[in-house]
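Chain naming follows the written order as A, B, C, D, E and F, and within any one chain the residues start at number 1.
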């Protein structure tokens, strides 16, 4: 089966990192297609960035449908464009935030999210509420480093580790949810350092998509997530006409 | 003061209708600039349409900021791009769904929403929840006509009237919220026919924006709605780089 | 149009202050009638005070209806008697707590309330819940000064300023809601000192009432807020027989 | 011990009926003092009536404290003035709505409320929410007869019985909560006719007050329910100055 | 009337203490039968312990029904097996956690729970949510001593007192709910030391069961709590076949 | 990897059916061990049955840990003993109700549950609430056949099909969740007949356990789900002493 893992921002190095994380957990029969849109912001750190990134996500779903992709992962912790993507896709589409939180709910009774910039916590909070995780999510913490400095900044790893430790003590959480696709490579090491489950949404989402495809469960096409109604889309976005 | 009323879809005739509704309620000193984006879907009837429309909304906010606009109305009942728009704008930004629901909360203890297509009800439901209106909203009803047929279809008015009557009897609502910017011209007549408040969000939103500007209350620029972080936006969307 | 701004307590100096705040924001065609009841407690700092104040509020609505008043503001942060007042009134009735919170919801994603006495925080909490603001209200803070000392106490302003600063840092709020009608004169100065929106409910409520009257939206008279059923009221309250 | 059962409306015949219901369940050592205020509406069928009735309730609590009353029942299903009364009283104060709902929660997993007029259902709904009974309350039903016709109208009993039967079938409720103090005499007969628990709040509240007094548990006087702050109350209400 | 007070763990000394607390508050005509199951864990400090204890609780209900018991108290703060017990019993069954929380809701606007081990707080949190007490419960605190050391440990009383004081200051609670059946003997002394209501669920539950029996209100046998369907139960549990 | 699929009731034929469903979806490297407890009720149709079944579930987990089982499925729609099982297990434990609901949340915006007996709907409702699925679950429907007649009754399949159709029309759901482990064999056929996703929790749970094991995510052993505290368990249950 073909699973397209879409990094919604346009940072190629992050796409590479996310692709590796996906590849690492994929089953033998799974082909991982890691990509990022050709258009959009280089990182997603607020509502504006997120809104712009959705266009590229939808473009990639579009192309994926033509290419026979069986399912999709949206690999940014805000799950940008999730419902719109589901309208477009026949197969399943899973966001890494929802995948990570659902995973945490299976193995703990309370988790904390550790993310990058403080201002993105609100986006995570909305997801927590929409996904019915209000009772399970004990806190949303930020290390206050920009998304792209996760790679560049030698301090990033330490800051994340420290914030996870704070979460364990102050929030008494049973698991950590990593709140950024760019942290996908840190889960295993952190788990060993902390002694509690640390969940990377990229891996979880890839596996859930595999599961859904394996169970022959695609997106429901009756009702709210039915294919979009065909209509003119004009101007710069005219290529999005269905 | 200058208020830009953005019809998020690209239907010029609907922009005209919305502009008239805005003009009708505007205070003497208010300049109404009704517009629609140069890009995007011709109507918004689902998550895909909505996601695409946001780009155009943000483009109009962008231009508005350069043109000295004091505040904005997003004139589609899904309030597409509301938080992203608030990041961009110095002044207030109000969506017609939130304006209509808040208005209803001032004059009734329960309202029903009457909208166009059944599949858009989920979008309205999300807004109801996010705006804290869960207890007040008694029902979300659809007439099952496409947005653009509100103008063309001679039956549309009757269907809306009938659905409002059903709402009064079955939901025992005290007010009706019109669930589509394209119904902006119907509120007064329906109010007379039904004998209860019927609320058009376009008018309400224009007035609320006037109020906020008058009170010198712009969007909070501390925290979650601070201006977007400057960064490259690439490809087709490169003009959105701040 | 005539808007009656009712200070529910019987402190004439506070009525004067509230009247000035209302006058300052009123539109040219609006006549502000600031008043307080002839009966009731001199300040409202608990459930007992509040319950007694409602009688006077209703008396003022009563008289207002006879005098051709078009709409009302209830200018105490507990919004005492709001639903009962709406039963009596043809036009709109808006409380300053609801006006302030709805305003905050338009321009921020989280606000803190700063009020007077600690024991009144529970009343505010009930309103937050009833108005659907649970997610938006980050904290309710008290300066622990009695309502009437807002005028007398030279320290009051400083205490409020300090508590607002605490709110910004500890609650990470994007806006401040002033939790007492007696703080109506402080909003503008605090806004300048703090750099975030500071919302006085008196001004906001006056404007919202103007908006509702302008849109010809009175209180829904079908269902829960219909005029009270005519019946004997006996004893000291016999003048309240409709 | 002395328990004052306050019928908040001024209908003496209903006070009589409520007094009998209280007397019937009281323990040997309990003295029941059934009363109604000297002032206020003759029945409570909306927010206006309820607001006015609170004054009389507080007057009765006042007098009760002077007379050495140990605890109080507020015998109207809207529990008017409950928190204000608790501020005034040293001992416990229990409303019949809360008593009935808590009782229902001990013996069923879902109850329906059957009340008088449709417009009072909103008041009951607020109580359901405030008392944390949202999940347990399956429906609030009205027979659409005025409160005082419960005595006069020969049909009243049948209408109530029929509505209870509807509740059992349509709501699949396990218990019925009678939604009016004036129905206190019907519980036992209805229980026999229906075969499920039918709960009259008057009896339940009297017993709960006995329990609280017996356990030496009065109203908490630390914090929100501390005695009201002493201050002038002027005009018609000056006798309420503490 | 006969009330069986079931200590769900198998510690005989704790059963004795609970029995004394029950006896102390029982009415003259009430026969208290304090017992603990013949099987199960010696203390309940987690989900596993709790699950095992339920078997014994049901065994005691079983025997109680044969012995003509009129009502039951489940005297462990997790209210183990409450709904299953209600299926078995004709009369009322009340848990001490629900009894204590409902009691607190009658006399305060916010309570804190003080319990033994930190890991049991989650169980209490579930009950708080299920009983609709989310808004009223300000905090759940643990002294981090095992249940059985409440008797042995000389420090236990002091730790509890200290934690109650912390709750008063930090949670600003109006009442304390003791979160363990083994604390039943401490309520009165703590109340005197703290000056606010301190609620022991054992006493409260006994009185509520008396009330329900007195009002002839047994468990609803229509619907969810109807007697269990008769069917084979095999193996070690075969004696539980009905 | 070894996954133990525990049918919590003691019906061997149902265990066989559940085992087949598990086997059908298991990955090549997965060994499915389908079992049912040696003790307990032959079917689970209420709180009493469920409470008794938990003992057997825990016994199977116990044995599983000794046998080197990597993860567990609890294959009854009430997810009996889930948290207690998680305390005992090192690896992941997933219930079929949670697995099915989480699956539905990935591919639809609203699902209906179709279960057996009406009285079990309350158990499902508790799970819906506890799992944060309140908004997603549109209805819980019962066909009113006992669990064991799913096999015997020729009508069962038709009743289920009909109830699913009712759900599609009346609840406008996008997916069906089968509310009983005994329906595990019907999902595929129903999906073909209905044209929307029909989710069997057995298959979903097996796959989720595989995923969690594959990601090396066991149950969090810090905090609430830490191994039970070692202590005496006496009487009939003495073998449960850890």
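Before moving on, here are some points about what is shown:
One rule holds in what follows: a residue touches a chain if its C-beta (ideal position, glycine included) is under 8 Å from a C-beta of that chain, and two chains touch if they have at least 3 such contacts.
Since this is a predicted model, take the numbers as computed values, not measurements.
Listed candidates were A-B, B-C or A-F; the one reproducing the E-F interface, defined as more than half of contact pairs identical by residue number, is A-B. Among the other chains, the CA centroid farthest from that of chain F is the one of C. Chain A and chain E have CA centres that are 44 Å apart.
Computed centre separation for the pair chain D/chain E is 28 angstrom, with centres defined by C-alpha atoms. Under the contact definition stated at the top, the residues of chain F that touch 2 or more other chains are 83, 86, 109-110, 118, 122, 135, 172, 223-225. On the chain C side of its complex with chain D, the touching residues are 10, 37-43, 45-52, 54-56, 58, 81, 83-84, 86-88, 118-119, 121-122, 126, 130, 146, 223-226, 228-229, 231-238, 240. Listed in rising order, the residues of chain D touching chain E in the complex are 25, 27, 83, 86, 92, 94, 98, 102-103, 105-110, 131-136, 168, 172-175, 188, 191, 195-197, 199, 203-204, 207-208, 210-212, 214-225.
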